[in-house]
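Everything on this sheet refers to the single structure shown next.
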Amino acid sequence: MTKYSALLFISGLVFLLMVITGLLPIFSDSHTPMLVGKAILEGAKDQVGAANVVTSVVLGYRGLDTLGELSILFAAASVVGLVLTKSSFNKAASANNDKHDHHDSGFVAVNAIDLIFPLLLVVGMYIITHGHLTPGGGFQGGVVLAVAFSMLVIVRPRRASINHGMVSIIESFAGVSFILIGVIALFKGQSFLQPLLSHGEFGSLWSAGTLPLLYLAVGLKVGAELAGLLLALNSDEVVD
Amino acid sequence: MTLLDHLFIVVFSCLIAISVVRNLPIVDKLAPVLYGLILIMLVRMASVAYGGDAYLSSFSLDLLGFKMHWQFTALSWYFAIITLVAALASAVFMSGDWGRQYREGGGNYGMLQLALIVNVFSMILLLGSGDLLSLFIGWEFVSWASFLMMVLSPSKLAKKSAVKYIVYAMTGAMALMVAIVMIYAVNDSLEFEQISIVFAQMSGSSQVALVLLLFVAFAIKMGLLPFHLWQAVAYAETPGPGAAFLGAISSRMGMFTIVLVIVQFIGLGGLKSVGTSFANMQTLLAWVAALTTIIPTYIALQQHDAKRLLAWHGVGQGGYMLLGIIMFDSIGSAGGLMHVLNHASYQAALFMTVVAVMYRTGTSDLNKLGGLVTQMPLTFLVMLIGIIGLAGLPPMNGFVSKWLVYRSLLVNGQPLLFVAAVLGTLGTILSVYKLIHNTFLGQLRLEHQNVREVPWSMLVPMLGLSVIVFITGFMPGLILPWIASVQESVGLPVIAHHLGGIEYAKGGLDMIWVSGILFYGFGVGALIFYFLGGKSKRVHQYDNYAGGHFLTSDVRYHYSNNFYPGLMHLIGTWYRGSFQWLENSIVSVMSFFSVFFENIYRAKQPVMLLLIGVVLALLALYRNLGVGA
Amino acid sequence: MNSLVLLMVLPLFAAFIIPVVAKFSSKLALFTGPVVLCINLLLIMSAWVKVGSGAHAIFLGGFLPPVGIVFYIDHFSLLFSGLIASMVLIVWPWDAKESRLYSLYMLLSAASFGLALSADLFNLYVFYELLAVATYGIIAKQKNSSATAASLRYLFISSAGSVMLLLGIAIIYTLTGTLNIAHLATMTENLHGFAGLSAFALIAIGAGVKAEMFPVNSWVAEVYGTIPRQLSALLAGLISKLAVVLIIKMLLMVFQVQAAFDLLLVVGMLGVISGEMVAWRAKDMIRMLSFSSIAHLGVLFIALSIGGSKGLWLAIAIMLHHLLVKGGLFLMADRFSGHFDKLKGLAHHSPMSAAVFLVFILSLLGVPPLPGFWIKMALVMNLAELGGGLYYLAIGVILLATIIETAYMFNLVQTMYLKADADSTPLNKRYSASYTFAKLFALLLLVSMVFVSPISKRLKDIANHSANPQIYIHTVLPARYLGEKS
Amino acid sequence: MNHFFTVEGILYFGAISLSIIGLFGLLVSKNLFRLLLSLVLFEAGANLVLVLSGFIRNGIAPIFLDGNSGAVMNDPVPQALVLTAIVIGVGVQALALSLIFRVKKHYGSMDMRTIRSKLEREIAENAGVTPPGSNEAPAPVKLIEGENS
């Protein structure tokens, strides 16, 4: 019954969405009005100074959104930490369950990860620091960092080498520094999250003012949060 | 500062004063004095009841763009004076011994005093309303004030019936609000005059809706059919003097608003213009009134609880008031209006006698009483006067108002309504006989051997009220000027009156003559009896026999159980809780929808609801706007 | 004025540092939040004076609209900010142990401030999601696992709603190429077609999940039934209103069209009827309050459907009233709850609680002279002035709801005033701050009764100002974009 | 309707289909984890619709490199938005996953319907009332029990 009514209404929705799509300017004109997009493409070079306009948008024009999403990640990580802490489960039960010996993965995996780990770190850092020049940035780099650390845990579940305290300090530090960079502008009489420092030479690593710093904070934060998330989810597997 | 302002200030100060001292012993002395004070304030305004101008209040409020002001017309004054007399009587009645017993029984006496003054305050506020909004506010105040009084009784049934009452009352209030909104929406004004202006502009169906909404609102308060279910139980369960007060005047606020709004501003022409020539609104209301006189009266006949019996009569008597006023002629409306005062006086007195009996015996169950006349003769006298008034027999005041109503019905060519009214009176006579018989006559119960007359604090208000019942019956001319001013102020034809009654082209009424002849007849009868060899012998109540056998005191010989069995059998089939059924079926329909929505909220997969909501919303937009837009 | 962004930034900052602070001193971590909120209150007060009758826009990052994100500050947003700060202070989890919970509360308030202030559609979405995540977390963190399950079910419907919201935003952006609400307000003709209004419908229903809008509110009973009462007070009193604020911003600035009003009117009416009907059958306090809350949110949507400044001032009044009353009632429920039969004798046990309870429900029912009456009166009168079948129907629905509400509320009241019997355990005896706050709310309600006129005048001023798209556009947009329009 | 057979049309069709698949999964799945995956699909579809709003045929990525100064660039804003939306989605999904763990632990089931009925029962128990059941007839509720008159 549910299935049929679901089908009925979903087909209704498909029809309506199709109609709406047909009304979008993308089908009548060549493309969308792009009012803001054009303004940004025209002004980004002078106002922000990052070669990657998406980065200008993410950290400059819409920096607050980024701060918001960092907060969401932080919130999610906090919740996962809160919900999956061992205290929220019956300890006796988990002790009984511990007989599933989560031993290390095989030789190949362990050694491969050992080899790849530094590489992943470097790649991650590269992606983060070049976010304002090339595709990529704090998020993407942060994910790579998180993957690097969580792989360590996956291959060696019993020697989970990531320190919870460290993770939380990093995420706090990164978040705080993002905000502080924003607030400095406020103290200088400008607006919150206003890009500071000189734009530097367009297209070079040291350009776009505080953007790379912000991206560094974002990268660290994303890395820490994701690592924390994966860690928490993983540790629950162990507890279970 | 006009006199009306003074009145408001005095009433409000009394409210504050009583709420402060309500738990101190002094409240017993203070409350009657305060009601007396308010009464004096009203008497100072008496010019309005003798053709003087209405008093306007200098207070006015402008809240959220709605202006409110207050005024006191002859109509307001007339109802206010009844209210205050009833309140004064109740306050005297409850102070002293009754109050002590109530407190000892666990009742919250302070709250009862407070409830009484709150009722008086809110009624004065309603009676003084000068526009639709202040009317509505007063209306709600009155509803909640009566609720306050009803819930005071600790019994579960009382609380349930109070809740039932407040649901009904809120329904009425909301109907009134819709009506007010309909009026406001036309000219953005809440003045009373707007009612007639807007009514004239409205389309036929809106007129029907407006009249029905107003009528429903007022009818609920007044307990007219089919909204009569709440009243009797709620009033009967109210603590003693509270019941007397509420029974006397509270539901008459519905009458006040009917006169104020429907009679004054919609008027006969308005009512007649709604509907067809065969059955217009006036006919409908008249028949509602007629049925209200009959059905509740015969329900009253079935009751075996004295308070409930009286309360059902209170519902039934409302029918006479409406029946009279709806005739829109001088005598009919005079009868209807006068019946308000008359009914208040004898109803309060009757309730008080029942409460007095309860005070001494602890019960108002008519099957458990009897023979109290020897123990409580004065109470018996009051009840006798009261039931003569209630039954509408001369020389008490109930006769006058009912006579006016009957006469009006006949003059206006409404024989069917007349028959209905007489049928109601018949039921009334039967049931008040049951009341007095089962309470005071017949055989005294063993457990009531030591019952004594009630103390003076209770007797005085009862006797005072019965004096009113008699005096206003003997000399209706005392209050007919008030009625005439009311008629004048609401635009009805004015009645011609003199001290003994009315002058009317098709046959007047002079109560002094009627009573004179009546007493003359009694006198002649007494003379014949005592001087022409009549002998009476005092015997003890138990000195009695039935079927040839002497009876001992523990054998009941007087019928109290299953009174009027034949009649009950006859009418039982006609009335078997059909209105209760109606009420229950409304509740069932509500339950049906409630369960329906409950199941929506219990959806297994709430996202489905989201999808349905979105699809339906988009579909509605699609149908409304189309793709071209 | 730029420093007002601190309203949102300070709690965020606090949220980030609290886990670190907690490593050194858990006491300090506990007090960080309240201190920040108090600072915020001060900021709001000073801003209230400074803004005066005007409005102010903060260009974040110094980018002029429409390219950057804008915070729009006027008395409406400041009013809500004040409510957020006070409400979170009231329900602050003093007895919680985990510092991360404090962080969540801080995130919640940051998101709320953001929702109140932001004037950018996508930014509103981000804050809405932040609010959602923080809420799920706070709900899920409760000791009983049923709260987790309720939270999960809430998460599914709410996330699906968020996706709808996102779709709506996507459609709007595709149609207009901008996200700034003021900028959108200059391009209403693009948006008043079927596509634009569909976007509004998606946004309204998507955000409606949090706003307890019919039919996407089935989570209400589950969540309120499992979480502590203070939290219910927060969710019902405040969070639901913030989702409404999002809808209001779109409705007032961009979608002042009959179709949008009708949509809100219909869901509002259905919400009122369904909520009251179900509450009528409820047998325990929390369920009753939950569904009555749904019904009152329905009234709010009906008020919004009046449109313009009239609709806004009524909506603000209803929101404030509902915040006080429903918040107060949920806080009261901390003291006594459970099956109605267990509440017998409560009034004799604690006359004060019964009296406070009565004040709340009398105002809820709209009994004069309590504020609820004036709001209901003004609402009904305004609906009547608009005329038209649906609006008349709405009047009928509101008044019918009042009758039903009287029935079930007073059924409860009469139970309270009955004599206690063996199995009645009416009162939760332990001291709770909630009760004190409930009394405070009742007091506020009574005080506002005296000042109905000035308060309503003030609210009307606020609404007149905030509902005027011209003021909004002129404050936010640089002159260049205004020229485009004319 | 022939404009549906353009690149844009196909892209939109794909994006909408993805959401619809996700939505359908949300409606008919019982398993909590499948529900979560459906949510992921639903979000992904919506994100695609969002990013498509910046689509320009033959447009290039909005990055200033040497030699692309003349080309038409895609709208950068939707890309930034989608980046944000994706990360938000990840956060929510992780959160949901942790909740699922705990719910599984508590109820011993991953079936949404079982969980719902157990939850309902728990709420009713907490409140001290009888749980609502779909198979029991609606109990006759009286507004107020009045006496028979």
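Each chain gets a letter, A, B, C and D, in the order it is written, and its residues are counted from 1.
Just so we're on the same page, a residue touches a chain if its C-beta (ideal position, glycine included) is under 8 Å from a C-beta of that chain, and two chains touch if they have at least 3 such contacts.
This is a predicted model, so every value here is computed, not measured.
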Per mean C-alpha coordinates, the chain lying farthest from subunit B is A
Ranking A-C and C-D by C-beta pairs in contact puts on top A-C
Per-chain Cα centroid nearest the overall protein Cα centroid belongs to chain C
Cα centroid separation, subunit A vs subunit C, in Å, comes to 30
When centres are defined as mean Cα positions, the distance from subunit C to subunit D in whole Å is 23
Distance between the CA centroids of subunit B and subunit C (whole Å) is 45
Here the gap between subunit A and subunit B, centre to centre from mean Cα coordinates and rounded to Å, is 75
Two or more other chains are touched by the subunit A residues 2, 6, 10, 13, 16, 19-20, 22-24, 26, 32, 34, 36-37, 40, 61-62, 65, 68-69, 72, 75-76, 79, 83
The positions of subunit B in contact with two or more other chains are 160, 163, 167, 590-591, 594-595, 598, 602, 604-605, 607-608, 611-612, 614, 618, 622, 627
Where subunit D touches two or more other chains at once, the residues are 23, 26-27, 52-53, 75, 77, 81, 84, 88, 91-92, 95, 99, 102, 105, 112, 116, 120, 141, 143-144
Contact graph of the chains (line, ring, star, complete, other): complete
As the complex stands, subunit A meets subunit B at residues 2, 5-6, 9-10, 12-13, 16, 19-20, 22-23
Residue positions on subunit A within touch of subunit C in the complex are 16, 19-20, 23-26, 32-37, 39-40, 43, 47, 60-65, 67-69, 71-72, 74-76, 78-79, 81-83, 165, 168-169, 171-173, 175-176, 179, 182-183, 185-186, 189-195
Within the complex, subunit C is touched by subunit D residues 19, 23, 26, 32, 35, 39, 42-43, 46-47, 49-50, 52-53, 75, 77-78, 81, 84-85, 88, 91-92, 95-96, 99-100, 102-103, 105-107, 112, 115-116, 118-120, 122-123, 126-130, 141, 143-144
In the complex, subunit D touches subunit B at residues 23, 26-27, 112-113, 116, 120, 132, 134, 138, 140-149
In their shared complex, subunit D is touched by residues of subunit C numbered 122, 125-126, 129, 132-133, 136-137, 140, 144-146, 148-153, 155-156, 159-160, 162-163, 166-167, 169-171, 173-174, 177, 179, 221-222, 225-226, 280-281, 283-287, 337-339, 342, 407, 411
